[in-house]
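Data block below; observations after.
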Amino acid sequence: MTLSYLLKRVFHALIVLIMVGVITFFVVRLAPGGPSLLADPKLSAVERQAIEERLGLNDTLPVQFTKWAGQTARGNLGNSFLYGAPTVDIIMTRLPNTLILAGTSLLLTLVVALPLGLASGMRPGSAFDRITSTVSLVFVAVPVFWFGLLLIILFAVTWRLLPAGGMNTAGQEGNLGDLLRHLILPAVVLSAASIAEILRYTRSSTRTVTTQDYVRTARAKGVGQWALRYRHILRNAAIPILTAVGLQLPRLIGGAAITETIFGWPGMGRLSVEAALGRDYPLIMGITLFVALAVVAFNLLIDLLYPWLDPRVRAEG
Amino acid sequence: MPKRLFSVGLLTLGLTLTFGTAQAQSGILKLPLINDPIMNPVIAPDLGSVLINKVIFSGLVRPNEDLLPEPDLAKSWTITNSGLVYTFTLRNDVKWHDGKPFTAADVVFTFKAATDPKSGSRLVSDFSSIKTVVAVNPTTVKFTLSRPFAPFLTLLGHNAGILPKHLLDGKPLNDATAFNRMTPIGTGPFKVTRVVPGASITLEANKDYYGNKPKLAGMVFKVVPDINAQVAQLRSGELDWVNVEPNNIASLQNDPNITLKQANAVQHFLVFFNQKNPLFAPAKIRESMQYAVNRKAIIDGVLKGYADYPTGTLPTALKKYYDKTIKPIQYDPARAKALLAQAGWKPDAKGQLVNAKGEPFKFTLIVDRGNPSREQAALAVQQDLKKIGMDVTLQPLEFATLVRDYLLPGKYDANLIWWTTPPDPDQYSFYATGQDNNNAFFSNSKADDLLKRGRETADVAQRQKIYNEFQRLEMTNPPVLVLYYPKELQAIRKNLSGVPDLGIRDALRRSEDFQLK
Amino acid sequence: MCGRKAEVQGTVPQPAALSPARRSAQKLRRNPSAVRSLAVLLLIVAFALLGPLVYRSSPEAIDFSRQFAGPSWDHPLGTDENGRDVLIRLMLGGRVSLAVGFFAVAVSLVFGVLIGGLSGFFRGWADSVLMRFTDGMLAIPGFFISLLALTFFGAGLTQLVLVIGLTSWMGLARLVRGEVLREREELSVEAARALGASELRVLWRHVLPQVYPTMIVNATIGISFAILTESALSFLGVGIQPPDASWGNMLTGAQNYMYSSPWLAVYPGALILITVVAFNLLGDGLRDASDPQGR
């Protein structure tokens, strides 16, 4: 790992971010329609004009772009149309909520998927393997919104075991037990599809690794089953698994849109739906850049972790 | 971080599950919102904001159970100079939620902001008739209008909550983000104590409220974006009152804890026929549409009967002005065909309507997508018109696109949409020639005259006559095709009482009488 | 399994006798769950494509007098909230959903193979640019961008196909690039080049066929992803628009009647579930079959 390699990667990441920003800017501004604030047929021409002026929509596109680029370069993402407040502030109030949900889901995913995937991968074709694969497939195949509503109807309406939505009972913010009860259903829904995916990767990586010579050697040397699993197999299968987890990240952070909508979870996913449907240009740009940044950073991190996980990989060029 | 959280979580998980579900908060009314509201009545852009503002901010007057203005912050008023000068005497016992006294200066400040589009005001057109507003003394406010304007009092009681000058003076209302989003201060029966962005707004009863002491301990407005999730939360007791669509009724009917109430809504759902398009310019064509579309079937089928059958653009909810003696036009496709034939459109061999040049009667009907009731109604309209030989294409569009790119520039043939109006018959801006909201480009000198006189006449009996005449005119020269006057469907948990028989907007202005058992 | 070595050894004398595709097909036939999935998928495709030819009923005819009717001779699966026949809508909705799946994957394949292939083949500067572009696309939350594009540019079959296709090619592009990089070094290509074949010809004739298995596996999984994405977008109101049916918008519409008429959700939900599971199992089977190491 050399410094120049690191710099190069950071430089690449920067290019990616600029590209994401510029593309999104033009897609959003060139689209027909306009911010939903203006979509009220009752507004008079005077009111409409005042709003357009306030939102800076009167400028020509190049002028708007220059303004936006200048602002963004200085770290100012502008004010949200819908909220009137700075985009960064809004994202910052929602981000922790999404991290709680996404973090729990990721953890749930790993806790369920890794052991099951390992076990299946070590005995491919066994009854256990087939049952796990099929069940996990069913979870991939269920549309999220339907699964979510079904769980709400069962657990909240019929059995009254868990709350139907929200993150806290109002007034109970900061009560961890209350938070957890609200967390169970959305976390299950959000991780359902990821579990299956990670399980699949773990299974196939395990399969590949178990046929490698060093595992056979280890087996022959009498290394215990559990040690074998976790020390040798999991470690060597870690790279593809980590990469897969990295690919789940945009889904967990930005793509929790549906889960958060159904459960009224005040996170980034719900915010992104609001921004898109409300055509809140600054908020859309802010969310896109933010998620892109998170993904790029995570990928960079995985890259840096590779050599540590697998000594055979050495950073090149 | 997630790891630690989770291990702590596992510990507490066991504990909480054994304790079962959270205890019901007694005396706290829980209502849904679909997103974070703007808690400032002058700039509130959406229904959710309007609703929460009703309990935080009071107005000079408020609608009574007949939707007529009754005193609120104003004790009394006089109207002089043949309807040009309104003088209000204010209560002197009113305090803002932060303890400061309420005075005439606040009223003047509010209406100066409301009439200034630069402040972000959404009430500019409502109050464009105001010429001057002055504080005569701390408890007297005098409005001078530039023209007689009969709906003035009704509009004062509609969305015009009064804002505190001492907190907002000096900059555009839009920039007061902290006030609008986190710490609004009003004079209403409930005050905001806690805002969790994206999640909930908690209010507690205002002990210093000048009217009846609120019976509820507080209210919570919860953000629940999905309507089916709202219904689920209503059923599980996590919400107390949800306004639903006819589609949702089936999900609520068997629940013993929920009552379904109908309230009158001052709304008319309609189809605009763009009268810049020569196809729809003749009154006969528009008249024929009223016979061609089976509106009874739409009301029964789509709205499950929760709507009134229409005559013209004045809804039945305006009891004082709606003329019940005018007979509504019933579904009669044969009559429609006859009228169309008189206008020069006859069916060809294949049953398609064509004019003398053999051109088909062909147009596109646009509707906003995502609302099942409107989509279904549009489908029904399309099918009925197809039956009499019109070639109608249905195009669902996203609402913002529909309004900005089609409706306002007049680039459409027909559009299914709706109007929600204040509880007053004034429809000048909707149906008088060249007005802001006349998106169908209807133009009729007699209608113009009636609508103008209607908004300038203060005398109720005379106004009734004027609007009855307008209603009659609309039967043969309809500006739009009115489909129905919907009812507001209120699904309310049975333990909530004290709710007046009004739409939720107006009912919330009397929230101090709500009670939870 | 243990036969692997023998098989490989056996093919050594006649390398041309079994093409990779043939070999895969043979292996696939020995995978019962993949075969069963293929059969199920053929049935579903037949249901959607041929069904409406046999079973004739109007998918749009509204009849408010028979809303939510149960199964009857006229309407074997009953009617929906508008009194429309559910069976015919499932068939036609299936056409739409499957079309979204197939065409979106076609778009994604074209992009993935093109970008991955060019990137891996030319390497150097072109590779760098194309891969940065791919990284950028991977960094954008695909679902959010789909939602944005459909909100702004209108929802419809074409838009859905393009949006889903254009946000899902990146994984494939990376895989193809990797494969191409690897294959490029292999003897066959060297040999072809020695004979004077042009670079692109080499790519087209020799490298690409090696990538087919990857493409096919990706395509099967991609179809199920596209069908699911359509349903999710329907839930947010930007999927296939009524009166046209898709399984996604039928399921979304049925959400309103989960308590009173749950079967309206069961039919489209089950069809989505079965189709997606079947495509995934088929994909797994194909992967195993095309994997020279597997079994």
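Think of it as A, B and C in the order they're written, each chain with its own count starting at 1.
Everything that follows uses one rule, which is that a residue touches a chain if its C-beta (ideal position, glycine included) is under 8 Å from a C-beta of that chain, and two chains touch if they have at least 3 such contacts.
Source: prediction; values computed, not measured.
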Tally the contacting C-beta pairs at the B-C interface and at the A-B interface, and name the larger one. A-B
Please identify the chain lying most centrally, where each chain is represented by the average of its Cα atoms. A
Chain A and chain C have mean C-alpha positions lying a whole-number Å distance apart equal to 23
Chain B-chain C separation of Cα centroids, rounded to whole Å: 45
Let me have the rounded angstrom distance from the C-alpha centre of chain A over to the C-alpha centre of chain B, please. 38
So which stretches of chain B touch two or more other chains? 228, 398, 401
Could you list which residues of chain C touch at least two other chains? 151, 154, 237, 255, 258-259
Residues of chain A that touch at least two other chains are 32-33, 149, 153, 261, 273, 279
Could you please specify the touching residues of chain C with respect to chain B in the complex? 60-62, 64-65, 67-68, 81-83, 151, 154-155, 237-238, 241-243, 253, 255-261
Quick check: in the complex, which residue numbers of chain B touch chain C? 227-228, 245, 247-248, 250-251, 253-254, 297, 300-302, 369-370, 372, 375-376, 379-380, 383, 394, 396-398, 401
Residue set of chain A touching chain B in the complex reads 32-47, 49-51, 54, 82-85, 90, 93-94, 97, 99-100, 103-104, 106-107, 149, 152-153, 156-157, 160-173, 176-178, 180-181, 183, 261-264, 266-267, 270-271, 273-274, 279
Which residues of chain B touch chain A in their complex? 1-3, 5-6, 8-9, 12-13, 15-17, 19, 21-22, 25, 28, 30, 35-36, 38, 45, 117-118, 120-122, 124-125, 172, 174-175, 177, 180-181, 194, 196-200, 202, 220, 222-226, 228-229, 232-233, 235-236, 238, 398-405, 407-408, 417, 419, 429, 436-437, 439
Within the complex, chain C is touched by chain A residues 12, 15-17, 19-20, 23-24, 27-28, 31-33, 130, 133-134, 137-138, 140-146, 149-150, 153, 200, 204, 207-208, 211, 247, 250-251, 253-255, 257-258, 261, 272-273, 276-277, 279, 284, 287-288, 291-292, 295-296, 299
